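For clarity, chains are labelled A, B, C and D in written order, and residue numbers in each chain start from 1.
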Amino acid sequence: MISKTTASAADALADLPDGATVMIGGFGLAGQPVQLIDALLEHGATDLTVVSNNAGNGDTGLAALIGAKRVKKIICSFPRQVDSYIFDGLYRAGEIELELVPQGNLAERIRAAGAGIGGFFTPTGFGTSLAEGKETRTIDGRDYVLEHPIFADFALISAYRADRLGNLTYRKTSRNFGPIMASAAGTTVAQVDRIVELGELDPEAVVTPGIFVDRVVETGDRFEREEWADVR
Amino acid sequence: MSGSSWSRAEIAERLAQDIPDGAYMNLGIGLPTLVSNYLPSDREIILHTENGMLGMGPEAQPGEIDPDLINAGKIPVTELPGASYFHHGDSFAMMRGGHLDVCVLGAFQVSQSGDLANWSTGAPDSIPAVGGAMDLALGAKSVYVMMELATKNGVSKLVDQCTYPVTGLGCVDRLYTDRAIFSLGAEGAAVIELVGETTIDELRELTGLDLADNTGEPA
Amino acid sequence: MISKTTASAADALADLPDGATVMIGGFGLAGQPVQLIDALLEHGATDLTVVSNNAGNGDTGLAALIGAKRVKKIICSFPRQVDSYIFDGLYRAGEIELELVPQGNLAERIRAAGAGIGGFFTPTGFGTSLAEGKETRTIDGRDYVLEHPIFADFALISAYRADRLGNLTYRKTSRNFGPIMASAAGTTVAQVDRIVELGELDPEAVVTPGIFVDRVVETGDRFEREEWADVR
Amino acid sequence: MSGSSWSRAEIAERLAQDIPDGAYMNLGIGLPTLVSNYLPSDREIILHTENGMLGMGPEAQPGEIDPDLINAGKIPVTELPGASYFHHGDSFAMMRGGHLDVCVLGAFQVSQSGDLANWSTGAPDSIPAVGGAMDLALGAKSVYVMMELATKNGVSKLVDQCTYPVTGLGCVDRLYTDRAIFSLGAEGAAVIELVGETTIDELRELTGLDLADNTGEPA
């Protein structure tokens, strides 16, 4: 019987090697796989390339991982935030490499990796400094830049419900990068509030089919946490 | 309105009048979010937020904050009946595919041919960050910019050629400012509406541009 | 107040011009927008280019449209079926043009049109006669063919439920081409069993957001029809 | 088994033994669907159908036919607990992206380097139709073909170079036939299992190929 349930976040990341490319879901704090990031810090893997929309907030989560110098390179769209001081400091000191990608191209490149597309022509970024040196083409009168897929060794994402086959549902705008990152990584680990019985998820409403998910870690009901007090 | 210029709120209020009933719209972070305060109550306008939602409601009030429900500025918002959620890949496909009717953005500079500069000042020591700016610039059938026409030092932000790093080329259709409303395009900038006692000659002097006068034509 | 509800299938197609490119959803009979196809036949538009997975079955629906010589060209993956005799006859007589596209490339080209992608490199078809004359490229050791988007003037699709904003849900494998075709057409018309009150559709389970849908025609509960007797 | 060849059912039964527990699998239209009758009951194998479903169950019986629930061969099927539905774009992205573990296909011809010909006989008066054949050929980590090794006229369908129009190049990993099981690849074909009293020399004579003998190696 298939069961993708993993006992702990630590177990789920045990074989994540130094030098890995790791996608981390979330847009700001929404959909950030907090427990998995903490476990990755604890795990100790270093020399990582991280693919994520942002470069961490404050001094926890992704910011802590960056602060601990585990990340050699980050591929993201929006590193600079009011509280991204850890990234900011290391970047200014030349101690972390940055590949800045427009958010839609970041999403489409991740999607392309999961979808077996070798490259695609996107209008976004054409004529800007972020497209410098890239192949361009005019198609039917519109200008495009050629972009390539971004693959990862691991994707760490946060979802709402899972079943033992790894089928996932999300909650509101915390869905964001989860479904596409799940499709682009060799090993996808999802933290979810609760793992439900097979058959409880509506097949019409499954957002990430289990084929994209390798390991699921149950982290408990989010509504127990202070931040969700208003919507309990 | 005070004499010959509008406040930011007045720019937003004026722009809101040009959003048709039934439009799908994305309001960029910052200044453009003001527009949502002035949408005519007899029109149903559906807001998109690029982090994966259509049918976004007003900012969440204390007591209704849901960390899973935020806008692109990472501010807690609410959900209206008829909303839908989708992932980032689908959300940006929706924008890039030209399905939104209107996108409203702020800017550092806009050129008369519609080039937009709003993502970077190009300062050598700044941390670069682009987010969805380049996608939003191309993300709707009509792209509107709202900004003050001049910097605090009186330098026009409507220019012949952008000196700041561009976000997109020829992408801005219309520019709403405190002094006038302009249409932009390959044929250059045209004034389509003047604020208060502002004259076209004043605008020509301020911008140094050979602005066409289309104020007599219907918008 | 927005309402995309249209009184009849005839009204929904009233402005469909001769020479239009029309996408028609469905895989075999599942998801075929039967009432819309019938209305298109009745409407009389001719010189059409049809984009659909198949080229009609028996002598009804798309087959009838083809039989009435309204279709000058069909873009599809699988025209030949046991009961595709109307298409077969016209094709052999040279009276209908065929662009044969592998099913996955057909889907991805439709998706690209809706997603603002100017072209993409796909491995499917490389080295085969269906890629003859097309640009190819080797990327990271894998061979790809460059394919371009397929746009349509109208998309006719079948869904299960809609609300007045045009949000759609589907039922089981009848979802197939509906969501991507809805995104690739200037005007998308959906026939649905029932239009429900705003707020009745779960926002997490909406498959096609209303932004992709222009007109909705209510056609009545499918379970009333004989074919669904088993699952009423 | 009768002497030195298997029936189609026996080929399917043998192939089914090689599908590991937990595999995601697509069975092509026709002959490959037989495999689903022989999947070991102690393994959980999840079936994909390219018209938009994972977790497909057995063919629907009278009384449970749902016109909205069909497989790629347009035959009514059933849904298992844990199933999910998705649109054609996502379904073929799933295949093309290499997420399925195994795809089983029929063929007119297979070359020793793994080229597949199964979509067209190339007959000049035939109506061409490709469906998902070219996608399926590249649609899984392992692509298996099942077929009789020779035509009714005794001509080998495992060949040096396909003479029928190809569906994909170098895409078939393993070939299950009534006489033997072969591994295919850039280094040519190798026999990995013989049926009954079949000998490698018989196969070399039938195919005209310099077949390697890997029957001693673990599969």
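FYI, a contact is a pair of C-beta atoms (placed from the backbone, for glycine too) under 8 Å apart; a residue touches a chain by one contact, two chains touch by 3 or more.
Because the structure is predicted, anything quoted here is derived from the model rather than measured.
Under the touch definition stated at the top, subunit A and subunit D share these contacting partners: C. Judged by contacting C-beta pairs, the busier of the interfaces B-C and C-D is C-D. Distance between subunit B and subunit C, defined via averaged C-alpha coordinates, is recorded as 35 Å.
Averaged C-alpha coordinates put the centre of subunit A at 29 Å from the centre of subunit B. Separation between the centroids of subunit B and subunit D, computed from CA atoms only, is 55 Å.
For subunit C, residues touching at least two other chains, in rising order: 108, 111, 115-117, 122-123, 170-172, 203-204, 207. Taken residue by residue, subunit B touches two or more other chains at 79, 85-86, 93, 95-96, 138, whereas all remaining positions touch fewer. Contact residues on subunit B toward subunit C in their complex (touch as defined above): 21-22, 24, 44, 46, 48, 54-55, 79, 81-86, 93-100, 138. Taken together, the subunit A residues at the contact with subunit D in this complex read 1-2, 111, 113-117, 163-165, 167, 183, 198-199, 201, 203-204, 206, 209-212.
Per the touch definition, subunit A reaches subunit C in the complex via residues 108, 112, 115-123, 137, 139-140, 142, 144, 148, 169-172, 202-205, 207. Considering their complex, residues 49-53, 60, 62-70, 74, 79, 85-89, 91-93, 95-96, 120, 125-135, 138-139, 165-169 of subunit D touch subunit C.
The part of subunit A that touches subunit B in the complex is made up of residues 27-31, 53, 77-81, 84, 87-88, 91-92, 98, 100-105, 107-108, 110-111, 122-130, 143, 170-180, 207, 222, 227-228, 230-231.
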